[in-house]
Each structure stands twice: as C-alpha cells, then as structure tokens.
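What follows is a short report on a single structure.
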Amino acid sequence: MSTSGNGSLLVVSAHAGDFVWRAGGAIALAAERGERATVVCLSFGERGESAKAWREGRTLDEIKAIRREEAEKAAGTLGAEIRFLDAGDYPLVESQELVDRLVRVYRELAPTVVLTHTLADPYNGDHPAAARMALQARVLAQAIGYDAPGEPLGAPPVFFFEPHQPEQCDFRPDVLLDISGVFDRKRKAMECLPAQQHMWDYYTDLAKRRGVQLKRNAGPNLGLPHNTMAEAFVRLYPQVTGELT
Amino acid sequence: MSTSGNGSLLVVSAHAGDFVWRAGGAIALAAERGERATVVCLSFGERGESAKAWREGRTLDEIKAIRREEAEKAAGTLGAEIRFLDAGDYPLVESQELVDRLVRVYRELAPTVVLTHTLADPYNGDHPAAARMALQARVLAQAIGYDAPGEPLGAPPVFFFEPHQPEQCDFRPDVLLDISGVFDRKRKAMECLPAQQHMWDYYTDLAKRRGVQLKRNAGPNLGLPHNTMAEAFVRLYPQVTGELT
Amino acid sequence: MSTSGNGSLLVVSAHAGDFVWRAGGAIALAAERGERATVVCLSFGERGESAKAWREGRTLDEIKAIRREEAEKAAGTLGAEIRFLDAGDYPLVESQELVDRLVRVYRELAPTVVLTHTLADPYNGDHPAAARMALQARVLAQAIGYDAPGEPLGAPPVFFFEPHQPEQCDFRPDVLLDISGVFDRKRKAMECLPAQQHMWDYYTDLAKRRGVQLKRNAGPNLGLPHNTMAEAFVRLYPQVTGELT
Amino acid sequence: MSTSGNGSLLVVSAHAGDFVWRAGGAIALAAERGERATVVCLSFGERGESAKAWREGRTLDEIKAIRREEAEKAAGTLGAEIRFLDAGDYPLVESQELVDRLVRVYRELAPTVVLTHTLADPYNGDHPAAARMALQARVLAQAIGYDAPGEPLGAPPVFFFEPHQPEQCDFRPDVLLDISGVFDRKRKAMECLPAQQHMWDYYTDLAKRRGVQLKRNAGPNLGLPHNTMAEAFVRLYPQVTGELT
Amino acid sequence: MSTSGNGSLLVVSAHAGDFVWRAGGAIALAAERGERATVVCLSFGERGESAKAWREGRTLDEIKAIRREEAEKAAGTLGAEIRFLDAGDYPLVESQELVDRLVRVYRELAPTVVLTHTLADPYNGDHPAAARMALQARVLAQAIGYDAPGEPLGAPPVFFFEPHQPEQCDFRPDVLLDISGVFDRKRKAMECLPAQQHMWDYYTDLAKRRGVQLKRNAGPNLGLPHNTMAEAFVRLYPQVTGELT
Amino acid sequence: MSTSGNGSLLVVSAHAGDFVWRAGGAIALAAERGERATVVCLSFGERGESAKAWREGRTLDEIKAIRREEAEKAAGTLGAEIRFLDAGDYPLVESQELVDRLVRVYRELAPTVVLTHTLADPYNGDHPAAARMALQARVLAQAIGYDAPGEPLGAPPVFFFEPHQPEQCDFRPDVLLDISGVFDRKRKAMECLPAQQHMWDYYTDLAKRRGVQLKRNAGPNLGLPHNTMAEAFVRLYPQVTGELT
C-alpha cells in the first residue's frame, strides 16, 4: 500500500507537453524520492498542439523534432525518462498494435503508480483515446496469458491528472497533492516549452488555487505555509490502505 | 496529512449498534495505534432497531437500557469510549439543539478523522439525518465565531461507512481499509449484540468480500494473505497527501 | 411478489388533482382488479393550483370546497376512496405531526403498492415535500416500536408517478404501464376537473406518447393495438420477482 | 409482457464461465419453466481468466479445450445449450464481423429475454466490449432491412448481470431474482469449474446476501424462507407491464 | 456571441429524415433569418428506418433513391441545402475516412452553430456514432495542423437535438427554442415523408408539449400565445454571453 | 426572452460579501445597462465569515456593523441596492417566516433574473440553505393564491453563481459571462472588503481563468481581447430563446 522507496511511476500522455502542465509536480516528487519516473508520449502533439509552428510555416518533421527536444528537456528537468511512440495525433487513432506496445511498457517498467488523462474531454478527443489505451493495456499486462515478455503486472493505482477545463471533463478532485517542495522544478520544466509561454503563469495560478483548496481541506491546524502549491487528481480505483487519514 | 500517533477518531452514529457492524474495524485499528476513539450514538435505536425486544413485550426504558449496555460492551471491546445523546429514533428528528451538542463534542475531542452514515438511505431516514447533523456540526465547529467552548476545529476528513444496502445508498467505495489484524476484535464486539446474531456472519462475510476486493485493487504482488478482511468507506472531501499511492 | 387479487393501493398526493393526471390509469387498473385504492391528498392545492378561482375572487374556503368536490368525483370515477389531510399548500410544510398521520394511514390500509411524487421538482416544492413525508412515514410504519395502532407495515414497493416536466425532475421511466383498457375512465376522471380543461388533451397526448414508447419497448411481436395508452413510473426500490420479464 | 411458457433466454458472455457465476440461477429458472436457454460465449477466457492453467504450462489450445469442456458441463447442469464463437480474449476485439454473427444468433433464437455484462467494468475491458456488441446486434436484428436470415427480432428486454465489483461498475440492482428453488443446481454448475474453487463459496455468499436484500425489499409479510437466495440484475430498458407490483 | 445575420447552421444527421422531426424548426428559423443552413446525412437510413419499403419488396437502391428524394424535398421546404455521404446504416460504421469527409465539410462551411444527435441512444446505435464523428470532426477542423483545405474552424456551439425517447437518452433540455413562427413550414416538411405519416402528429404533439414547457419557463408575463410551439435542445459546451437572460 | 432595458436583477446571498466575489461582474453589467440590481443578504456572515474580527476581539454587534458598512460600499460601487435580513449565520436556519420575507421581496421587485448559491456545498451549509429558500420563495411568489402584497411573479431564470470549490459543489458551468468591460468596477468593489485582501487576487485570477475558457468556447474568430475576464454560472431551468447561439 506504500511505494516504499523503490516505486516506479508511469505517465501515459497523448501529446508531448501534457505531462508537464498536469503532472509535473507528481513526477518531480517521485524523482526526489528516488523512484523511477517514465513518461510515454503517444504522439508529439504535432498537429493539434503546435499551432504557432504551423503558422510559422514549419514542416511536420521539423515540428516533431522541436516538440521532442522540448519535451526531453522538460522531462529531464523533472527527473524523468521519456519515450515517444510517435503514433500521430489529431486524431490519435486507437489500435491494438498501439495497446500492445503499451502492454510491453507496463511489463518492462512494472509501474507502482500510473497517471493518465481523463476519460472525458469534449475539447480534445486524443486525451480520452490515450486514457482508454492506457487503461486497456494495464489490464492486459496483468494477465499471465497475454503474450508479451516479462512478468504479469500487479495492480498499480491509476490517477487521472487535471484537464484544461476540469468541470467540462467531469473532473472532481479526489486527491490534492502537495507539490510545494518541487514547484520550482515544475516551473523550470514549464519554461522548457517556450511556444506556450502563456501557460507558465496559467499553471502557476492553478497550482496556487489547488494549494488553497489543499489547505482548506487539510485544516488550518497543520501549519501549511501560505504559498502551498498543489496538483489535483482523480482516482479510478478505490484506495487501499491500512489507516484512514 | 497523517494522524501521526496522537489522532482522535470520532464516530457519529444514529443508533447504538451501527458503529460495530460498519466501522468496528476502523475503530479497533485506531485504538491499537494508541489513538483516542469516541463513538457518539444519537439514539439507542430503541424504536427502529429493536424489533425482537418489542416483540418480547419490553418497555421503552428497558429496551434503551439493554441497548446501552450492549453498545458499551461492544465499544469497550473495540477500545473506544461511547456517549449517548438519547435524542430518540424513528424518527431521529433534526434540531439545532442537537447539532449544537455535536458542535461541543467536536470542540472537546478535536477529532482528526470523522466517520458517519451516508447521506442517502431509502431504508432508514435516521441514517441520513445523523449524517447531515454530523456534517453541519463539523462546519460550525470550525468557525471561531460559533459560540461554544474550546478552540475552532481543524478540517478532519470525513468518511461514510458502509450501509446495509450499499448500491441503493449510492455507496461506491473510495477506500478499502485492511482490518485483518483486528478482525477478531471486531467479531468479539459483534458478539456483544446477541439480539442480532444473524448479523455476525453477515458482516463476517462482508469483510471477506471487501477483503477480496482489497486484494484485487492492491495487486497480487503485495503478498496479502488469503483471508484478508476489509471495511469499505467513501470520502466526502478530497484526500490531502504528499505522495500518490 | 404479486398483489394477487387482494392488493391495496395507496396514493400520496400533495394536492387534490395530481393523482388524476399522473396516476389515474394505475388507480383505475387496481380498482378493476378488485383491489382497494386510496388517495390521500395532503392539501387541496388551494393556493398553488387554483389560479383561476383566485382570479374569480373566490375565498379560501370556497376554493377548498370546490377542489374537494371535484377531487371526490374524480376519485369516485376511478374507483378509489379519497381522504384530505388539509395540511395547507404553497408551501406544504413538513412536520412530524403530519408524518405521524401518514403512518397511521399506512398502518390502517396496509398498502401493497405506494405511489407518490418525485423527490425532485424545481417547479413545485410541495411535490418533493409530499414525497419525503410519504417515504418517511412508510419506513416508520414498518417499525414495531413506532407507537401507532395496527400491525407493522410490510415493504410495499414505491413508484414515483410522472411530473409535469419529467426531464427537469430527473424522471427517467423504469416502468411503462399499459392503461389502454381503462383510459376512458381516466379521461372521464380528468373531465371532473373543469378548471384545468387544457390538461385533458395534454394528458391524453402524454398517454399516447408513453403508449408509443411502451410498444417500442415491448416489441412489435406482442401485437399491441395502435392506440396503446400508458403511464410512466420510476421505482424507488429494486423489483422483487421470480421471473425476468 | 410475459414470456408465457415458450420463452427463449439468450445469455451473451465474454468468456466461458461468466454465465455460471452471474446468471446461473436465472438460466436454471428459465430451463425449469421449460424455456429454451442458450449461452453464447464470445471467447473461452483462455488468456485472461485461466491464470492457473498458464502457470501449469498448458498451451493455448489445451486451455481452450479445458475451458470448453468445463463450460459445456456447467451449461448442461443448468439446462442450457452453449455455443462458442472463439473470438479471442484479452482483448476481445470488437468487429462488425463478430456483431454480424451475433445478429444471426438473435434472428435464429428469437430470444424473449437477453442477459449480458454491464457497460462499465474498469477491471476487465472484455466485459463492456461483449455488452456493446450484444446490444448493437440486438438493435440490428430488429431491422427488416438488415441482411441476415430469419425474421426481424422483437424487442426483448435486456438485463445486465452482476459484475464482480458491482459498485465500481455502476451496478445498482433494479431487479432481485429469487433463485432459492434452483440454487442447488447453480452450485453444482459452479462445481463444474474446478480451477476457480474459491469462487464457489464466494458466489454462494453473494446469493445469500442478495437474498437478504430480496427479503428486505419484499417485506416480512410475504413469508419468504430464512435462506432465500437471489441474483441481482440491472434493466437497460423500461419494464413493460400491465400491473404495478 | 451572436450569429449576427450571416450565420451558417450545420446539421449532422445519421439518417435522412432525422433532421426534419428533431430540428426542422431550428433549421427553418435560421433560413428565415437569411442564414445558410446545411444538412449532412451520413446515410439514407436505408436499412434501419425504411421498414415499410422493405416490406413492400423494394431493392436497396430503390429505397435509397426514395429516401434521397423525400429528404431533398423536406430540406428544400425548410430552406436548407442537403448532402448525402452515403456511408451506410445499421450499422453506421465509424471510420477515419468518414470523419475526414466531415472535417472538410466543416472547413468549407465554417458553421457558426452545429446540431447533431445525442451521445447516448440505447434504441439506435447509429445516432451516437454520428454524434461522435460530428464532434471529433469539429475538433480536428479547429487545428491548423490538420491537413485539409480551408481555414481552421472557430468554436461553433454544439446542440444535441431531441431523440425519440428522451429520458432513456439522458436528454434533459437546456434550451427551449420558440418555433411558433415557422411551425407551419416544419409541418409541411414532415409531410414530405409520407412513409412515416404517424410521425406527423406525434411531432406536432411534441412541439405543443415543448411549447407548454417554454411558456412555463418563460413566465406568463411575456404574453406568449396559447399555441406556442417549441423544440428542445441540449448544449454540449457552456454558453458564451454578454448578458444573463 | 430578453430583459430589454428595464430588467431587474435580484441576488440572494447567504452572507454579506458573497455577492461581490461571485457575481460582482453580473451585477455591474446589469447596472451599466440601466437595470435595477438588488442584493439581499440573509445574514452579515458575522459568525462564519469574520474570523479576523473575532480574533481581534470584536463583539457580535461590532462585527455586524463592520460587515454591513463594507457590503454597502461594495454594492454601491457595483451600482446595486442592498438589503439585510439579519437572519443569523452559522447556521443560517431555514424558516417559513424568512421564506415569506423573501416572497415579499420577489413580489416587490419583480426580478427578471435571479442569482443565488448552489444547492450543494459541503464546506458551508448556509449557502445551500440560502439557495433553497430563494428557490422556494420564487415558486411561492408565482402563485396568485399566496397571501402577500403585489402581483404574482413571472418565471425569472435562476443562475447559481460560482462557489469557492466548484467541483466539490457539482458546479459545472453552463454559462460564461463576459465581464471584461466592468472588471475594474468589480475589482474596486472587492477592495471595499479589506479583511479578505487575499481574495482580491484570488478572484482576479479566477476571472482570468474563466475568461480563457470563455475565449476557448467562443472561438478564436470572434476577436476577443487577450485579457478577457469572465464569471461562470449554472442555469437551474432551461433557457428560453428564439435563436440558437
């Protein structure tokens, strides 16, 4: 019920970039605890999330190269490895071949915690598609009868990270994660993505707001600092624990 | 975010008896960790949950005395204090006076965790009434301007314990608590309530079934024993944490 | 699981009139089967549902008398008894005294089926208030320890009848009742309420529309007639049955 | 609205085995009433639900043969025919070809009642996939314009049977089916599946628990025996009936 | 926030015919305001919605021709253009190729308002399939990086029109549109579909009923006529406005 | 369907202050259009929302006077009248007497738009209590038979304004209101409440964030400025309109 030092965090992201805004704090915390943290980007977001580059007349290959480099820097800043499956975006097309590649990632990494997108997002169909594949692969990787290398996966908990328009995506936070100690690192990772500079302040403000909620839910007596920063998550499965807290 | 040894558990229960079936494991666990555990029974369940005694021709006062004695034994077995507000049941009538008494309990005990009934129960209106009062009192106790002795309350998390017909009460477990280590104690507490002997096996079976779910959600790799026993809970507020697990 | 000839139908209605539009078919069917059918009107709808009479300058007492007479005729046409608790409307104020009167009705009549309003209705707060009291009284009447004459009540199923704006009241039909055989009787009962003449066609149209749905859900093979008429209901508790149909 | 003696029950199951645990009682009841009962297994559950055989080093073909034989015995015990579409599991891949095969089954059998999995199951993606195909095929089989042999299907009601973790699958029982009279037969059918011996007691306990709920919802006055056994179901479409019970 | 005279309405419909019953009023209103209105039928409804023609022994090609001609007449009556993608129905199979064709329609027409089916419909799987493709295409058309002619799409609001069994499709009206001024035109368009004559009165009744709701929600003071006719819609995205009304 | 210049906005607020943070923009917009805007504060928030003053040792009367003065200044800045019913807070106790006072306000002001709190708020029970009374009073005021001076109320639309923790209060925005043109005035009104200075920036950030969402939902083609500011609302009743936009 505790990842106890040698955990392994897996983040499944539709596009390069998503993991920074939405889970950068969780990733940095895992890395600081000495855990392995791995980000899998199903695409580079080359079509749907690179408007500026398209307006500047870049080619598809150039855009993918730029996005890859930026995402690698951001992942490095957070302390995570990063892999790109280059499956294309807008649309990210679901396929059994892609799910199978994810099963192999699960078997290889044996994650103890999984983060991915919400299952609803009326603004971006790639996000739920990524989530559906991440979840299907997790279940398949648990079966000894599934033909892929490695040991069957355990049952790592799954958390959905926060979408851009949470209420429209049925995102009601179950968990508020205190990222105060690693927020500087998250900010630096965000600054690795210069094309979306307006997002830096946007997600800094969001972290503050979630921090205010965290303090409200934790209670004043815990002595949390004024500038607590937080990220919000939704659990897919019930929490397993030995103590109610 | 952790109760860290000196926690204080408060259980607000509509009737004497509810706390044993539905939260006996959580109470025993808190007691074993050396925390203070207090059960507040708003009524004895003298009208609605004492059918056998009524059929035997007992008077109201006799029934209340019997239920009190049994509940005291059960609480003692679990390691908890118990208090009776004797507000009457069937119906348990909501009043500001009763809420005020609960505010004073909160201020006195400064609970770090609160357990109560679900807000929906089409089989027993006293259960949601108790929950509504427990929640209102918790919020009032937080206000420095509320006129009652003691310091303003912090923001203890609230968990709903499992009702008898969970699906009809919109009870979808958020938390599965491993009570294997204290199940014997819970069983002994259940056996303090001889009038409801059929419940002993019923709640033993439920604990097994929730234990199976706990193992399924924890994953086979954690090496949990075959006969894991569990209780299920629903959180009202988001979990506040420093680590996703 | 079957009312088997000697059933007893209880309809708890906020105002005189509601039972005709919304459950007239169900009442007439019960009466035709030889069952006892009883309508309890908590109020006459004298303030909230008698706009025309107020505009004509009638006094409160006159309006109550008119509504009583009309409702008695309509009930008689359907084959039901009717009782008026005269508790006032707009607002219908919930009270333990009123609930207690309903408990006594339950104990006296021992209904095998209960019909009442939905628990949500943003257009008329009296409807949910009536439903809450009907449900609370049903649970209280089940307890041997509740101090009222008669035997403890069994567990009659509860059906919510259709509100005027179903979607806004979270009314998603669980049951479509074929009232073709008694629709003429329902129409005659509606015509006992001359002040709301526009409702006659409105609820005739609704019965047709629910009839079309009934046929769609029953399947073409059952040979239902073209002009099937139906009423829609929502179940509060699970259906208990010996056969899936 | 009644299957009236010559009904036809169709159970669409993702894997061999599901139908025994989750609908064995309903199947045996139909068979006892002299109706035709047919189970269609889309796969054998050879990859996802045969962990023990894989650990013993069996080949894929061996496992499929074992599962087929066991399922045939269980179906025979319940009084049902069984068919295997052998479409593969983990994942069970949806395809129009497979849906078309199901349409032909519907047209051939003309079921009057359909049972299948729930549409949500975060623990096993094959279950919702089977349900989606069963439902799509049912609608297609209703269209005279769909090119397949046989007469267009009527509109048989659809019931979802109980998943292993009901609350996580949004399974809130609409129907509690009394299977007391055929429980012995269900137990014998369960014992045809020796690899999952721990399930025998698990589903016996579940039947007891659902039986307790059935009695609670039916009311004490009906004189149901102490050891009533039940299965729970959810309706997809509104119930069509001539009497509210 | 206003379409200001030169709007462009796009209706994406699974079958020829749907747009008349469910959105005929909205289309006629747009045409009367001088806006461009375009209906895209993904199929002719040749298999699933042409039972009468099949019973008469028509061939597939004949049926498609009949449905095309009728739909063209109805669209013309409403003042709309109509296009047929002829993608087949029962089932309407989702594909990236079909989505791409819709993207090109969006880019060409630059709709300012989009109408389509609900995302849930247990009676007809083609409807949600059409809606999913309409929504995916809308998002793809917004991306400058998506490879299709024309300018990136803005963010036109999306409205779901009313399905045949609204409650079963989770259709809770967000918007009631006054179509009184164009209802005659809608009736004439309905009469272009002679094979479904029973629908003419059915949808006339529905328009009356929605009109009654409109008046109830608008308030008596607005002086709306007795015979107000309306259509109901559900918004997918939040309304953007400069004034609360 | 449009308030057409001579509208009347009514805001029902549990405590003094709520209306500024949550609806200040909507109020200022109404005032700028020349409409009457009235704020009714059921209490001063003297116990639950004045922690700082209690810590400074102020008396109850002093606190009420301070809150009154601040709220009057803020309302004046926004262009609204303000009234205080002084019904007490923490808890705000629901009563028919208080509802009756609200009915009289409705009858007097004849609002064309109503704003109030959400019906769920697990952090503050006064908010839902205020909303319930505001809604009940609105329905009562519509009845000619309700004994209060003035004409029966029409059917003004009701909007819930945004609570402090929207997701926990089931607040999913239906409407995004562009308040860019009056944001300076809202900021000035916020600055009339010096005890809650940390809220000034908090609600400025929220307005920015809702502004970003407004632009996302309006589409880039509308040419909205970079620093669009917005407030979010949820509708209780369907929108009534003559045009889909």
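So that you can tell them apart, the chains are marked A, B, C, D, E and F in the order they are listed, and the count of residues begins at 1 in each.
Just so we're on the same page, a residue touches a chain if its C-beta (ideal position, glycine included) is under 8 Å from a C-beta of that chain, and two chains touch if they have at least 3 such contacts.
Remember, predicted model here, so these are calculated numbers, not experimental data.
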item	value
For chain B and chain E, chains touching each	A, C, D, F
Chain whose average C-alpha position is farthest from chain A's own	C
Angle of rotation relating chain A to chain F [CA atoms, steps of 5 degrees]	180
Whole-Å gap between the CA centroids of chain A and chain C	52
Separation of mean Cα positions, chain F and chain C [Å, integer]	38
In chain B, residues with contacts to at least two other chains	123, 168, 173, 213, 216, 237-238
Each pair of chains that touches, named by its two labels	A-B, A-D, A-E, A-F, B-C, B-D, B-F, C-D, C-E, C-F, D-E, E-F
Residues on chain A engaged by chain B in the complex (per definition of touch)	1-3, 26, 29-30, 33, 113, 115, 152-157, 159, 173-178, 213-214, 216-222, 232-233, 235, 237-245
Contact set on chain A toward chain D in their complex	96, 99, 135-136, 139-140, 143-147, 236-238
For the chain B and chain C complex, residues of the former touching the latter	46-48, 50-51, 54-55, 63, 90-91, 93, 122-125, 168
Residues of chain F touching chain A in the complex	123, 164-168, 171-173, 202, 205-206, 208-209, 212-213, 216
